[in-house]
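Each of the next two complexes has chain A plus one more chain, namely chain B in the first and chain C in the second.
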Partner chain A sequence: MPAKNWPILLLLTVVTLPLLIMCGYSVIDAFTDTAPGSLVPTRFTLEHFRFLWEPVAEARGSIWVATANTFVFATTSALVVTMVSLTAGYALSRLNFPARGFFLAGLIVLHAFPTITLIIAIFLILQMLGLYDTLIGVIVVKTALELPLGIWIMKGFYDTVPWEIEMAGVQDGASRATVWWYLVLPQVQPGLMALILFSFLSGWSEYILPQVLAPGSDARVLSTYLSSLILDDTKADFNLFKAVGLFYATPVVVIYLLFQKHLMNIYGGGTKG
Partner chain B sequence: MQLDLINFTKRFGDTTVIENMSLSVHSGEMIALLGPSGCGKSTTLFAICGIHRIDEGQLMFGGKDVAHLPSQARNVGVVFQNYALYPHMTVAENIVFPLKVQKMNRTDREAMVRKYAELVRIDALLDRRPAQLSGGQQQRVALARALVRQPDFLLLDEPLANLDAKLRLEMRSEIRRLQQETGLTAILVTHDQVEAMSMCDRIALMNGGRIVQYDTPTAMYERPETAFVAGFLGNPPISFLSGSGLGLSEAQVAQYGVRPESFGPQFGSTLSGRVTFVETQGREDLFDVRLTTGEILRSIQPAGSGIRLADTVNWGVAHDKLLRFDQNGQRI
Partner chain C sequence: MRRINWLGLAFLSPALVMVTLFFLLPVVLTGFFAFTNMSTATGVMGGDYLLNTSTLRALADQGLPKETLAKLEAGGYRVDEAGLAALAAATSPATADELAQLHAGAEFSDRRDMERALKDLRANAIRNTRDRKAATELFKRSILNERFSEEAAFRAALSETGTRPELSDQITEAAFTGWVWTTDNVKLLFALPSTLRYAANTLLYVTLTLAFNVGFGLFLAITTFYLPKGQGALFRAIWFLPRILPPVLYVLMWRWFTWDTGFLSTVSGYLGMSPKNWMLDTSYHAWTAVVLINGFVGASMGMIIFSSAIRAIPTSMLHASEVDGASRWQQVRWIIVPQLAWPILFITCYQTLSLLTSFEYILLATDGGPGRSTEVWSLAAYHTALSNYGGNLEYGLGASFALVLVVIGIGASLIYFRLFNFKRLITKPLIEG
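On to the complex of A and B.
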């Protein structure tokens, strides 16, 4: 590394340091006792992870139920978002159907729309449908709100697939569906992986929708579990809070580490311009 | 198989791209659709393979009208300009794809892939992916994939446009060899007259959505029906000039066409001019000669004539090779 880079490195270090300290202390404090206001840990302990094996009074419920709920919530909405985006994005990119321009414009508007302003209306609709305070209700809402972005991303990926590849497939005697499945989908696989990952993580970290639309303990997810730890208590246990936070964040980190490779794996094309 | 396109019309929105065009290709023949950009040659090709709908007219494959059949039901092999190989598949998977679609059994499939890979000489590359191949090799894969399903027709859309000059020469004879070995009826779309003349039995020269002449390369070169045809074919190109420049005056003749090989010292010394441009091509030299009337004639001569820029020359034209055109550009 050239020596003259040190001013940049110094600047970056100074800017990054607060973040690093925060991350570092959420790990350190989760495994140790530290007096509030102090930065020096006193002893190593796993006591703050007691929520894993015994119910914590403040949380009113098991972390495992919340984890399962979060997993079902994030997975289902990610799968539905991905499947709908895969087909809708293809249609918008390739097929000439009535009101295509309207749908495209609608996507962009919805994408830029502050959807949280709809929360009252959504609340009323869910109540009418009897889906208020259920996991399904939150999944439906979350999926619907994620769709515009997902469809838009997939349309962008489909747009990069050369038209000739599809035409070649059709000439080779394959139906449009076969062409889509065997020839086009593999080309947009990087986008597909990115979208699954993105919508799963988005579901995993969603807080407002479950908080407002499913406040009961049956449909509790990890974010609302975490918030109930501090909301319900006057005497905050910061170490417990950080331990739960660490537990909540670990899958995200793991997923990033696992899928990074897939995201980088972009195919070299056979089409030379 | 015989191909007949009868009174074919194609419109995009309100624009008529091709109007009332008819074209017949005999069985086993290779023809070129030649013409400048935007003349409708690719549109015609895509109409034949079914990518574009035929608005009016008939398309007969061996006497059967297929104009309303989808691409999948037409059994036409197409090689696209950019090859359109499937980038996520190996060479072998690319070639076998049409057979998989037909649900041919595995042993037959593999035998066919081997046979056609050998035919186009890529049998050593079957496990590679398209991105690992050179342009010429990708072209060969595209050819194998088009041929493996034993199509009734082979359509080639500017197949050599993306290759460098040396490969282009090689693939030119290679494609012709494959076409002759398989006995396929083939249509080549190109804007390069050299490709069309060297590869094809007949050339359909198109301009503005119409076929202006459909003939063998030799006939078209020697007996062009219009000044456009004469100007389009031939490299270096033909020169056009008025009668006064040549010292000729004939009724109805608006312009004369003189091919570069029909002007030079071997045809007498009736025309005087100054050399304004010399291009050395190795075996031959190309000269531009400005006549006293100000008109320019091109001449191609064997190298070593010693004639240099700004020299004055007295050369003649071969009168029996003169092409005469009337005011509408029709040859007389």
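On to the complex of A and C.
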């Protein structure tokens, strides 16, 4: 539609401005110094990234331990969610077994259910199991809570695979498991990729679960590292916070830019509140 | 003929185990925990039986007779094996032997009687007053500050103090340090004035944020639809950032934006205003910040869903309306918005439930402040059970807060299941069918 667009463009730019300022200054302030009461940076510096090579007094712990924990946490939960969803999604999409309708209905209800309300009970269960304040405990909980969504997404991808492929395989005498492994799995590879990335990002960003279930310094992840830095400090050093934040967010932004198309399949499904 | 494929259950079983353990079990246990008095003080696992001065004070408040309290507090003296062994170590075995011959198993309710028994030993009398007082203490047997792991042992010790049997139930109950079943949480929930406050805050939060999400999501979807393809995609990508950025970082950006040394204060400083914290200055500031922070995240979800719904509208309808001379506003009002009725209903339902229960962004931004003005129900549950300044975390009371949300969550999920006719998604598999 060639009608004049500049009023819309102007309006959108104005409402987007706060967001642009926030994001822009997150990068600018991480690399520069600015005099108080001014918005114009005066000099370039890497001093705000000092947390990378020396311990920061306020942070209580090394950023590299937190980074390693975050990576283990996000990777493990993403892999387990994807593997379990891969089989469960196929079962619900294609196989006939007792009480299938019940499980499907249960899945739909669970995937709408707000998991955060369970945090108190989960906290107590982990204490009883002796998994409180361990990375393992947080990983297991994150995986279980992410599963209904993962299975739901994976089932959606299986649903788009044409039946003819499987029919042909079964006609030729292959078992259902063989058909799934050799014929169906290659068809859902884009979905598999999307689910791994989505769960990885979800784990990487997770804050409440590590904060509540593993508050000790051994299992600290980047989100709790950054939040404790922000909340403990009496004098807010926003340049330092933004440098840590930039370090924390870089993988997220890179993955988002590289795999935007894959991820939109999931985010567009209206699945995350 | 319909064949049953056991492979299906095998494929499903890992998911079933995990979902049951950490999803369904917590749902059920929230219901149980809500009816206990679990807290930091009682611990999570069992408990012991212990009477100390604070238990006695609590019992006095419950109206326990003074003489019983005195008995519990005082205790008595008993010449038993443990005391004799201690005496043998402190003085000499001969002393202990003689005391055993004369008084083994004897009980004295008064300290002076015990002292006299030690003084009147024929061969090994303890003459030094200080030594005798110390030796007397070795035989003091009091229930106070002694920890029993078994209820029976505690009751036995209690009856030895001479307390009346009809009072022993009450005392045993007070002495138990573990958690017990109770309905006090529910009563407290109805009695506390803050409950109503949290409910009102939650209502305000959900209503305002939802209105912003849907309205602003619609605005973004429609405006980017009318822009050239590249520009529209750019704006949509920018507005997607609040959703993909980690919450801690996203709220950090807002904290800086509204801080008293941050962007808003600096700009208003150029205009001659004094700096202030734009997020926590008054409760109006806090509410605006909470709604915008959550709204920016929620609007991006609306934007995506509405955008794809708008693109699904046949372009012939829009072209036809243009030929008929409709303005853009008329197009939006009479063609686009009516087509979006179903997605709007979906977003409204979905986000009502998730806003009702989410507290992550509020926790990071205002932490319920200033005062308790932005404390919503789910945040109150979190503060009660998992994080407060007092240090005594009341798991049971927090669980009863959470139970309300769990019940609402299950109810709403079931209603949505019917409303959106998810049954049509349950199609029969073809191969076995």
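The rule is short, and it goes like this: the second predicted complex is superposed on the first by the 252 of 273 C-alpha atoms of A that agree within 3 Å, B and C clash if a C-alpha of one lies under 4 Å from a C-alpha of the other, contacts with A are read in each partner's own complex, and residues count from 1 in each chain.
Methods note: a contact is a pair of C-beta atoms (placed from the backbone, for glycine too) under 8 Å apart; a residue touches a chain by one contact, two chains touch by 3 or more.
What you see is a predicted model, and the numbers here were worked out from it, not measured in a lab.
When the two structures are aligned on the shared chain, A:P162 is found in touch with chain B, with no touch to chain C.
Between chain B and chain C, C touches the greater number of residues of chain A. Shared-chain residue A:G130: touches no atom of chain B or chain C. In the superposition on chain A, A:P186 makes contact with chain B only, while chain C stays out of contact range. Touch criterion met: A:S85 reaches chain C, while chain B stays clear of it. With both structures placed on the common chain, the touch criterion links A:D172 to chain B but leaves chain C unconnected. Once the two complexes are overlaid on the shared chain, A:L201 sits against chain C while remaining clear of chain B. In the superposition on chain A, A:T16 contacts chain C only, with no contact to chain B.
The intersection of chain A residues touching chain B with those touching chain C, taken from the two complexes, comprises 167, 170, 267-268, 270, 272-273. Across the complex, chain A meets chain C through its residues 1, 3, 5, 8-9, 11-12, 15-16, 18-23, 25-26, 29, 36-39, 84-85, 87-88, 90-98, 100-101, 103-105, 108-110, 112-125, 127-128, 140-141, 143-145, 147-148, 151, 163, 166-167, 170, 176-177, 201, 204-205, 207-208, 212, 222-223, 226-227, 230, 236, 238, 241-242, 245, 248-249, 252-253, 256, 260, 264, 267-268, 270, 272-273. By the touch rule above, chain B contacts chain A in their complex via residues 49-51, 70-72, 75-78, 80-88, 97-98, 101-102, 129-131, 133, 135, 138, 145-146, 149, 162.
Only residues 162, 164-165, 167-175, 178, 182-183, 186-187, 189, 267-273 of chain A touch chain B when the two sit together in their complex. Remark: chain C residues 2-9, 11-12, 14-16, 18-19, 21-23, 25-27, 29-30, 33, 38, 44-45, 219-220, 223-224, 226-228, 231, 235, 237-249, 252-257, 259, 261-263, 266-267, 269, 296, 298, 301, 304-305, 308, 322, 328, 346-347, 350-351, 353-360, 363-364, 378, 381-382, 385-387, 395, 398-399, 402, 405-406, 409-410, 412-414, 416-417, 422-423, 425-426, 428-433 touch chain A in the complex.
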